Amino acid sequence: SRYEYVKNFERESILLPETYIVIRVDGRGFHKFSSKYDFEKPNDLCALEVMNSAALKLMETIPNIIMAYGDSDEYSFLLQRRCDLFERREFKLISTFASTITAYYQYYWSQSFPEKPLQPDRLPTFDARTVCYPTKELVKDYFRWRQVDCHINNLYNTTFWSLVKSGLTTQEAENRLIGTLSSDKHEILFKEFGINYNNEPEIYKKGTIFVRELDFESDVNIDLSKRQAQRLQKKLKKSEIKKLHCDIIKDEFWDCRPWLFS
Amino acid sequence: SRYEYVKNFERESILLPETYIVIRVDGRGFHKFSSKYDFEKPNDLCALEVMNSAALKLMETIPNIIMAYGDSDEYSFLLQRRCDLFERREFKLISTFASTITAYYQYYWSQSFPEKPLQPDRLPTFDARTVCYPTKELVKDYFRWRQVDCHINNLYNTTFWSLVKSGLTTQEAENRLIGTLSSDKHEILFKEFGINYNNEPEIYKKGTIFVRELDFESDVNIDLSKRQAQRLQKKLKKSEIKKLHCDIIKDEFWDCRPWLFS
Amino acid sequence: SRYEYVKNFERESILLPETYIVIRVDGRGFHKFSSKYDFEKPNDLCALEVMNSAALKLMETIPNIIMAYGDSDEYSFLLQRRCDLFERREFKLISTFASTITAYYQYYWSQSFPEKPLQPDRLPTFDARTVCYPTKELVKDYFRWRQVDCHINNLYNTTFWSLVKSGLTTQEAENRLIGTLSSDKHEILFKEFGINYNNEPEIYKKGTIFVRELDFESDVNIDLSKRQAQRLQKKLKKSEIKKLHCDIIKDEFWDCRPWLFS
Amino acid sequence: SRYEYVKNFERESILLPETYIVIRVDGRGFHKFSSKYDFEKPNDLCALEVMNSAALKLMETIPNIIMAYGDSDEYSFLLQRRCDLFERREFKLISTFASTITAYYQYYWSQSFPEKPLQPDRLPTFDARTVCYPTKELVKDYFRWRQVDCHINNLYNTTFWSLVKSGLTTQEAENRLIGTLSSDKHEILFKEFGINYNNEPEIYKKGTIFVRELDFESDVNIDLSKRQAQRLQKKLKKSEIKKLHCDIIKDEFWDCRPWLFS
């Protein structure tokens, strides 16, 4: 029609080829969401598993996702370096990931919490963003950043809610923790509540990793021939997605999985 | 942490101030979605109303949306020219709209179609994009574009499915319509099926408009004083959102609503 | 060749259609440049005219420029709203304007200052940037901003160098002026140096405007028919470029020249 | 001033950190420029050396440029991966490179061609663009692309102008070369003009490389400690810039210079 010219005002943003794309989604206003639907404090295992199921399903749907990491109300998805999903169009990626995680979260929520039906004035929603990293070292540091963040928040929250459950007001608990170091919190937990933080569940301390897993072959080379690369892609597609709660800060996790960066 | 530097790789895109922002969402793969959940052809009124409810709810939640237009699996939302929602950050806008429309669609679907529970392998999802228009004439042409598109598709689909219901295969119906003009389709409908297209339901022919409605005051000026502008904003917030299926191609709709561009 | 794929890494940025594009160039390190080539203080008329000649020549070369404003080491060029120069590609616009102003400046310098040959370790260079404005009010405010800036700087510099020429060190002069208002500077100039600032040359106080000039016809409408618009474009191409040092803050300048925004 | 708000309409584009930035400048309309100033055909050594001098001077001025490659009217500059020049702001980079190469070209032209003074209606100007490459392999392929292009053009031009000088019209020469392979052109040159293309000057066949040169130490490692990296940077700053006309398609050039990617 004579009005079609208005489509020329649309802009496109193509993410730089051959960089690793990370897409992070984060629950919008989950502070309020978690209190409205009575999440357990500091961690609601069931709610975390809703998030994990949603992320896993998304990963199963999109084979270009080679690994994912999540904790709290957020998840980060790593696309392969050569990934051409939506021709790397940023707006399609962002909107699709935001929409899909939302759809799965609501779906799994209704499966897991039939007794807590979602109400229209507070449905779970997510923002999304893309980030490009040119090297694998940066990708590793990205995921380390998220896991360190998980650790810091969880140590804080665990101590905070222990104090509150023992009778302090939230304000008092907050004041008590101002300026404390990591070691101080460990000590409070141990001395005052008999909690050895190291024995806390790994899923809370480390978050959740989903990773497409291959048998480790020391020779999974980075510089593959074209044919080897295609074979690897095929293997990856059929590979099992493993769920882990392990350390991803040390090198070991990465050194054992060269295919993440192939 | 020492890993926080990776956040510096995030980019921001701020939409040009003082332009009208339109955000369009569109169902992903609704061809398959509509056939999986047995939509009526060519139009499933109930499904359209799920979409309408989702869009209305989104508009109620975000007061910056001054009007919306939708048909089929898509909706366009118009933000006010001075709107500062998310500081006009494009990625927040895109991801939030994609996520929120998804959440509401699924919610209203489960209310409207208890007999058609959504299945995890085909949940409704949406992409989203922003477009900026510097003038109100362009904004009008944008919405005209969408309504003309609605009209063209609906006339085609109505004729196509009439032919198919009368016994043609889909391939035969398609062939029959190749090269036909608008007037030819009107004639087929009338002569062969006794359908006067003009009497078809307005919602199918024109789509759905949601608009924040004020009493028409011929003097709603474009150049308001600061205080008048604030008063107008207040009025708009309290105003009723009206649902219409009227023509938005002619000037009348726009001339009666100067506040859309204030 | 097999290496051509690397061209896919190039990005394009297209400026939003139907917005007014302003391109501003600014001399790089002209503090040092002006002292190296012994500019008169606070204003070197000859050097300013080199800048003006360069800007005028650029404007003559590119008919899409409808007006320009400059002072000190900077110039701003206004493109017409519908302008399609380089298909509105930002990088071409930026690099071409930066390059062309550089070429003309050096050329006119060598004509105007044969006794001050440019030396390779300090050639005049310029940065450039584009800004898009959706409305003509914003465009006016843009140029007002630059002229107010010119005024503020010139009043300061005139007072500063009067003080210095009267014997103060630059540090003393700076201290003397800290916290002074516009009126204080007027007074210093008048009382201590017998200078009535209002009688200073207009080119210093107001900067320089180049504008494509038409006979004023009160009826130069904004909403022209297509044919009228083409006729106007033709007229503009043949029109004379006028050089002014007048006020562009008040409405008069703009009200008399509706064609700037046609 | 109250008008300063218009500055908020400026946009910034920051190039992705830790990618290799290449900036390519290219003469605008050098087809006409070269004929106006009577360049020798197909190659004007003196004009090429003006270009080379301008590029070298630019490289000397900006220590972040680790190598440059040029032929015909273009030059490509490679910035170091960690380079923070202008905080990686794209518009500053583009405009500064376009402006600086223009200034130097004009300057060296007037030194080299006192008998061909530049005329204001055809001054040499340049466009500029940035491209980011995430890996060193891509950077190598980028420069290979330019050198292959140089070779293809030069072989064509050499044959074309030989034909023209022998009496063909330009149209006839063009027709003669349509569909010819590289080997055909070699043969034409040899059989018809006694020219062994391989003996043509290297500067025409290979273009010009400027590279910051270190003594080759096989152990210039990619993964340097912070202190080693700083020492390397210092060395590079003091290092000599070498001018070469060698092959950069084969690996040898790159393998000998690991510091290009450190």
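Per-chain residue numbering starts at 1, and chain names A, B, C and D are given in the order in which the chains are listed.
The rule is short, and it goes like this: a residue touches a chain if its C-beta (ideal position, glycine included) is under 8 Å from a C-beta of that chain, and two chains touch if they have at least 3 such contacts.
Remember, it's a predicted structure, so these values are computed and weren't measured experimentally.
Colleague: Determine whether chain A and chain C, two copies of the same sequence, contact each other through the same residue numbers or different ones, counting it as same when over half of the numbers at the interface appear on both sides.
Modeller: same
Colleague: Could you let me know which interface, C-D or B-C, is made of more C-beta pairs in contact?
Modeller: Higher contact count goes to C-D.
Colleague: Please compute the C-alpha centroid of chain C, do the same for chain D, then give the distance between them in whole Å.
Modeller: Taking the average C-alpha coordinate of chain C and of chain D, the gap between them is 32 Å.
Colleague: Suppose each chain is reduced to the average of its Cα coordinates; what separation in Å results between chain A and chain C?
Modeller: Distance between chain centres: 50 Å.
Colleague: When the centre of a chain is set as the mean of its C-alpha atoms, what distance in Å lies between chain B and chain C?
Modeller: 44
Colleague: Which chain D residues touch at least two other chains?
Modeller: Within chain D, the residues that touch at least two other chains are 9, 11, 16, 132-133, 138.
Colleague: With touch defined as at the start, can you tell me which chain B residues reach chain D in the complex?
Modeller: On the chain B side, the touching residues are 8-9, 11, 14, 16-17.
Colleague: Quick one: in the complex, what on chain C touches chain B?
Modeller: 16, 18-19, 132, 134-135, 138
Colleague: List the residues on chain C that touch chain D in their complex, please.
Modeller: 1, 3-7, 9-11, 13, 25, 28, 57, 90-92, 94-104, 106-107, 110, 118, 120, 123-133, 138, 141-142, 144-145, 148-149, 152
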